[in-house]
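One structure is given below, encoded as structure tokens.
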Amino acid sequence: MIAGMSEKDMARRAAQEIEEGFYVNLGIGMPTRILDFIPEDKTVFFHTENGLLGMGGFAKKGETHPDLVDAAKQPITCIKGASFFPSDISFAMMRGGHIDLAIMGAYQVSEKGDLANWTAPGMLPSIGGAMDIVAGVKKIIILMTHTTKDGKPKIVSTLTYPVTGFKCVSMIITNLCVLDVTDKGLLLKELAPGVSLQEVVGTTGTKVIVPEGF
Amino acid sequence: MINKTYRTSLEALQDVKDGDVIMFGGFGLAGIPQNLIRALYEKGTKNLTVISNNPGSRLGDDEYGLAVLFKAGRVKKYIGSYPTATKSFKELYDKGEVELELVPQGTLAERIRAGGAGIGAFYVKTGAGTLLAQGKEIRIIEGEQYILEYPLGADFAFIKSYKGDIYGNLVYRYTGANFNPLMAMAADITIAETEELVDAGVLDPGTVHTPGIFVDRVVKGERYDRWYE
Amino acid sequence: MIAGMSEKDMARRAAQEIEEGFYVNLGIGMPTRILDFIPEDKTVFFHTENGLLGMGGFAKKGETHPDLVDAAKQPITCIKGASFFPSDISFAMMRGGHIDLAIMGAYQVSEKGDLANWTAPGMLPSIGGAMDIVAGVKKIIILMTHTTKDGKPKIVSTLTYPVTGFKCVSMIITNLCVLDVTDKGLLLKELAPGVSLQEVVGTTGTKVIVPEGF
Amino acid sequence: MINKTYRTSLEALQDVKDGDVIMFGGFGLAGIPQNLIRALYEKGTKNLTVISNNPGSRLGDDEYGLAVLFKAGRVKKYIGSYPTATKSFKELYDKGEVELELVPQGTLAERIRAGGAGIGAFYVKTGAGTLLAQGKEIRIIEGEQYILEYPLGADFAFIKSYKGDIYGNLVYRYTGANFNPLMAMAADITIAETEELVDAGVLDPGTVHTPGIFVDRVVKGERYDRWYE
């Protein structure tokens, strides 16, 4: 298995996609590590679908409150200028196209930007807010390992896992590379340090468009 | 003199009966009506249909909130978005002992709101073309696929507020609102437990989150567990 | 023209239909006079569709605020235990069946309880909240003069004015009488003091069922 | 450092252009964006489509609020519930100089909310079988007639709050909310004028009525008229 970027480096790279003033939803798991890489002087409004804009970091012991949690049910804090609201308004923000960016994990992404990240065959299915996010958020970035634990491609020509949404992913950030989803297919944008073009091509289950210079 | 308060959680839900459909506010453990859940468990009501974002919550090896009702076999059907929140649900589901209607979280919120707001049905893009759209009517609106969703109602809504007055006006705290204000609108009878119970006129009318018209009964919660250090 | 009850008496009579704890919407005009006849010790929550439950009386000079008005845009006050909310929630209260009672005026009411009270032929049409009210409020009472200014019946077999809602009226209170709308037709419930049965029957444009005792 | 504030109402709406669709918050004169209306009048923009509960308000012999735009012939189409609120609208309408789309008030609110919430269309009983249902699709749901209503969007929403912060978080006062929070969600660009402008962190996050995500620009209103003694 090729190492490429660590989870920490991946989170740092993803953080660069977040612009000043963005309203951003972070998925459960690896994406929450992005919080550590937002510069102090950059104003970003993190959205948690359970009803908060302006999530701060995780709450320290002794400063938690049972009614103040994120979408992963972890105790959190909120920033100055935050706001709380009920679930219908929270999802109006997503479905209605108000959230600028969502960064989520995935089981599979297709070359067309189709996404599978809610359930796998044989699993008890849970959906949470994943389908609502892809139905309306302006830009979706997937942050995931390039392959499964046993080395199978997660970036594929056609999904074999149950679909979350069609043609919704704009960018894929993995431990090996950064890919843009374009009308013509997946375009290589960056290679992780120490990772070869052959390694990316060999572990991707569909064609990767490689621009000159790589 | 109107006073919607009840003395105890158990008294507030005395007329809940086997087979009822009950909505439970809360997301994870935030804003769950923990005293009403405990009282319902004590009462022993069964064959329930439960509408709630998750069927309880797991922290470490322990399960809290609604899990107690599922474990005790009181629930025949669960409608919600996140059933994998507890192991107890999965065990029941694998044994075929509970029915599941899986609904995307935003659609769940909107269906409950529609139930309370007299909306007959509505179209959303959420889930179009996926497994969760199976059997649902499709409509193309401005070139995009939408699916038709119907409102959710219930015999009871059990909700939780931070402050409540004797008229049923409620104020939530932090992310404690979530589904609570929507469920308050959607059920035939809404029972609110509140951490603090105050007289009419104490709450600022401009900061009330749920107007009393949506709340039939109010009870001061007996005990509030804090699950985090 | 037959006098019967004064407007004040009609408002007093209508007030009797309001029970302790009711959530009530009063239409513009005569129905607002009902406010004067609610006993101090009776808790009633008056709803104004522009976003208030718990309307008090009209505001005195010097105590008005431009942001605190009723549906007729008159400056008002609010009671202890009131609440303010946006228009979507206000109409969810009506359309969703949460308001117990609405008392409104009318141009015409039919024997089936069909209501015409929003516009007349040749008028610039305005609708406001009238159709929302009849779509969801639990009980509708009409408070109006028994006939038009030139003596024509307003209670008719079939509406000739544009319809607001079908089979939605439960009770009609006029200067001459009180009628219940039943499956069998209009049932006389009360005669106003000094008004004869013949006067009611003669000025009503459809059959009135007269129980024994009148 | 994010700061959504503009120095003047005129600067805040500088990119509004002829032919735009604009939503205006307010009911009667409560919660109307009076400074933005005055600035838009000064700017001279025309051929507007106006979405608002009423086309201005009449008090005694004088007309206020949006009436100034109608009187000046700036509006080609009006979408709202209460056009008889002003004489000026009736005069234009009788002369065939303004188009009218009449919408029941609750349906108006819900269509605007749908526009902001990504609802493709929805069914209501309101108006079924009446003149206002002409040309609308009918659906029978549980034995009752519903009509299909579509969302409303706009190029701009002009709204008004009591307090607002530099991130666009807003708080309304009394019945001043009405359509304002819904329109904030529904327009491409939302401009809020506010009586009091405060720094981030001054407003209690639990009492914010409109989260800043729905507001693109904020301006402290230059002048607030009080119409009642």
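We call the chains A, B, C and D, going by the order they appear; numbering starts again at 1 in every chain.
Heads up, the rule we're going with is that a residue touches a chain if its C-beta (ideal position, glycine included) is under 8 Å from a C-beta of that chain, and two chains touch if they have at least 3 such contacts.
This is a predicted model, so every value here is computed, not measured.
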| item | value |
| --- | --- |
| Set of chains whose contacts include both chain D and chain C | B |
| Gap in Å, rounded to a whole number, between the CA centres of chain D and chain A | 36 |
| Separation of chain A from chain B, taking each centre as the mean of its C-alpha atoms, in whole Å | 29 |
| Distance between the centres, which are taken as Cα means, of chain D and chain B, whole angstrom | 33 |
| Multi-partner residues of chain C (at least 2 other chains) | 52, 78, 84-85, 88, 91, 94-95, 135-136 |
| Residues of chain D engaged with two or more neighbouring chains | 110, 113, 117-119, 124-125, 172-174, 206 |
| Arrangement of touching chains [line / ring / star / complete / other] | other |
| Pairwise chain contacts, counting only pairs that touch as defined | A-B, A-D, B-C, B-D, C-D |
| Residue numbers on chain B that touch chain C, as the complex places them | 1-2, 113, 115-119, 165-167, 169, 185, 200-201, 203, 205-206, 208, 211-214 |
| Chain B - residues contacting chain D, complex | 110, 114, 117-125, 139, 141, 144, 146, 150, 171-174, 206-207 |
| In the complex, chain C residues that touch chain B | 20-21, 23, 41, 43, 45, 47, 52-54, 78, 80-85, 88-89, 91-99, 135-136 |
| Chain C partner contacts - residues on chain D that touch it in the complex | 27-31, 53, 57, 81-85, 89-90, 93-94, 102-110, 112-113, 124-132, 162, 172-182, 209, 224-229 |
| Chain C - residues contacting chain D, complex | 48-52, 59, 61-62, 64-69, 73, 75, 78, 84-88, 90-91, 94-95, 123-132, 135-136, 162-166 |
